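Note sheet for the following structure.
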Amino acid sequence: MTSRLDKFREHRERMNEKILASEHLGIKRFFRLDGATYEDGALTSRTKELLGLVASAVLRCDDCVDYHLIQCIEAGYSDEELQDALNIALIVGGSIVIPHLRHAYETMELLRKE
Amino acid sequence: MTSRLDKFREHRERMNEKILASEHLGIKRFFRLDGATYEDGALTSRTKELLGLVASAVLRCDDCVDYHLIQCIEAGYSDEELQDALNIALIVGGSIVIPHLRHAYETMELLRKE
Amino acid sequence: MTSRLDKFREHRERMNEKILASEHLGIKRFFRLDGATYEDGALTSRTKELLGLVASAVLRCDDCVDYHLIQCIEAGYSDEELQDALNIALIVGGSIVIPHLRHAYETMELLRKE
Amino acid sequence: MTSRLDKFREHRERMNEKILASEHLGIKRFFRLDGATYEDGALTSRTKELLGLVASAVLRCDDCVDYHLIQCIEAGYSDEELQDALNIALIVGGSIVIPHLRHAYETMELLRKE
Amino acid sequence: MTSRLDKFREHRERMNEKILASEHLGIKRFFRLDGATYEDGALTSRTKELLGLVASAVLRCDDCVDYHLIQCIEAGYSDEELQDALNIALIVGGSIVIPHLRHAYETMELLRKE
Amino acid sequence: MTSRLDKFREHRERMNEKILASEHLGIKRFFRLDGATYEDGALTSRTKELLGLVASAVLRCDDCVDYHLIQCIEAGYSDEELQDALNIALIVGGSIVIPHLRHAYETMELLRKE
């Protein structure tokens, strides 16, 4: 059975390929710059992924939360650390963030099972 | 057949339980404070639910709209009153609120059938 | 000395006049519709002003908060009731609402002095 | 098989009818004003649809993006022009817009196949 | 006397220089990409500035509105056309956009006087 | 001469006192919970302040950005680290964040001079 995460990954990859294939120079450059932003710099890539997670959560974008959770778990964050980061998003963004908190907890569970 | 509202309620309850079971003190306290906010005070609980509905609608959160519609109908609001509240959300938040207005009307219909 | 509220009122009135004087039919109709939205209907005008206040606070618009506070105090709300409404905005919208809460408290104080 | 776009159109039409049938004067007037806003004026209807598309994309509303893409393609915009408009939304709104860019590209593809 | 627009331009230029002088590669690339986005492409630079204006207005950023109004007036748009574009922002974004509409009208007036 | 930061600190402290003096239990609890959120937990207080900074920047709240910059500099972050964090906010939130980036750079400069 295809999980929600597999569907997300497949759709994300397929559509990103189509977007890049459309050869719009500005969009391609944005995608490249976006990727480069999370590389090691004054802050480590690991720290940046956590910043990306919290930014995604307060802006209430489930796809972005899923993407950064995948990256964060790959970077070795524990559930306790991720919950602590999501708690910042919750206090800053308010109860309107709660549906995305539920989504994030579900994603974390799915990722730990993989 | 499981309705959209039943699915929402089941998912909401199941994930809220998991969130609380994770024993993050800050998140638990936020949930408790969130619940307490809608209790009777200088304003009645009934009035507060309507405020929660409009706040959810202008912030464009379907799950939050559904939750507050459930509470509002339990509190005895008529469809005419709920539509009048959603109209405030529409004028303040603009046409970008319309998809959530469609969602809210559908939810009201489902709730009246229950 | 001209208070912050006097300046707001003067600027608001002067620019609204200029906007309406520009004779853009769509904008004029929007302004008229906006005004009519807060009149008595299934909900009282008084209740609608409180909904407008909370919508403005979660969307973090100081000018809109000021406008609806003026209307709410005219409609006879007590400070305790307004604080209770702003508390809904705070829990729904999170700590990002706090600077606007400070602004709202200051406005309430200025209005009570008038 | 019913496509995602057919489902969107059917749901949109059915719920809009119910909303208008509820006879809320304010909501009805808003819908009429919304429709009139995109008619020819100082700017052409064609230009206004593109403005509606970019506004919908930065506000991250998939349903609104779909609606304006339908209108824009009817108005004769090429894929290259629509991508150029979406690129504005991407740079103004940031990477949080990317999931909606994926959605928009998919919608454009579905619309070109019709 | 220094006008509001002169202060904005001076602050904008001075701080942009400091930002670029800090030699953060990612930020520098974003600024370059941002500038390139509004150049002629499938859409003209002139059309793109209008899209930037409406995006800025619905996202309620006065500084961004001022910047794009300067560009739009340089690109030859009439007041009637700019009002028609701002009307789209008003209907999409709702009454919460009105304070920014007042700001935009004032800026247009200041720019026409220059 | 009173700097912009001194004014912000004075206004923030004075109004927070008035808010707490109003004895609204829900608001008081929110303030206490907000404070506790940034204490050491699974993540260090130092990391949490950086998360708070990025959340504030993508939500475009200058007062919140200032507050977290004060905390971040107290926690020992270098300018290069803060710029790297703000770059995440810029790529996630888009060019609409730029006015707040200018504000943040100015605040950092003021704080380093103190």
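As written, the chains take the letters A, B, C, D, E and F, and residue 1 is the first residue of each chain.
Here is the rule we use: a contact is a pair of C-beta atoms (placed from the backbone, for glycine too) under 8 Å apart; a residue touches a chain by one contact, two chains touch by 3 or more.
On a predicted model such as this, the values are computed, not experimentally measured, just so you know.
> Keeping to the contact definition above, tell me which chains border both chain A and chain B.
Joint contacts, listed by label: C, D, E, F.
> Give the chain pair, either E-F or D-F, that is connected by more C-beta contacts.
More C-beta contacts join the chains of E-F.
> I'd like the Å distance between the centres of chain B and chain E, where a centre is the mean of that chain's Cα atoms.
So the centroids are 36 Å from each other.
> Distance from the CA centroid of chain A to that of chain F, rounded to the nearest Å?
A distance of 23 Å separates the two centres.
> Which integer distance in Å separates the CA centroid of chain A from that of chain E?
So the centroids are 30 Å from each other.
> Can you list the chain B residues in contact with two or more other chains?
Correct list: 26, 30, 33-34, 37, 41, 55-56, 58-59, 64, 80, 83-84, 87, 90-93, 95-96.
> By the document's touch definition, which label belongs to this structure's chain graph: line, ring, star, complete, or other?
Looks like everything touches everything, fully connected.
> Name, in rising order, each residue of chain D that touches chain F in their complex.
Answer in residue numbers: 58, 90-97.
> Can you check the complex and tell me which residues of chain A touch chain F?
33-34, 37-38, 41-43, 47-48, 50-52, 54-56, 58-59, 64, 78, 80-81, 83-85, 87-89, 91-93
> For chain D, which residues count as touching chain C in their complex?
Against chain C, the touching part of chain D is residues 26, 29-30, 33, 36-37, 41.
> Which positions of chain E touch chain C when the two form their complex?
Those in contact with chain C are residues 60, 79-80, 83-84, 86-87, 90-91, 95-96, 98-99, 101-102, 105-106, 109.
> Show which residues of chain E lie in contact with chain F when the two form their complex.
Chain E reaches chain F through residues 11-12, 15-16, 18-19, 22, 24, 26-27, 30, 34, 55-56, 59, 61, 63-64.
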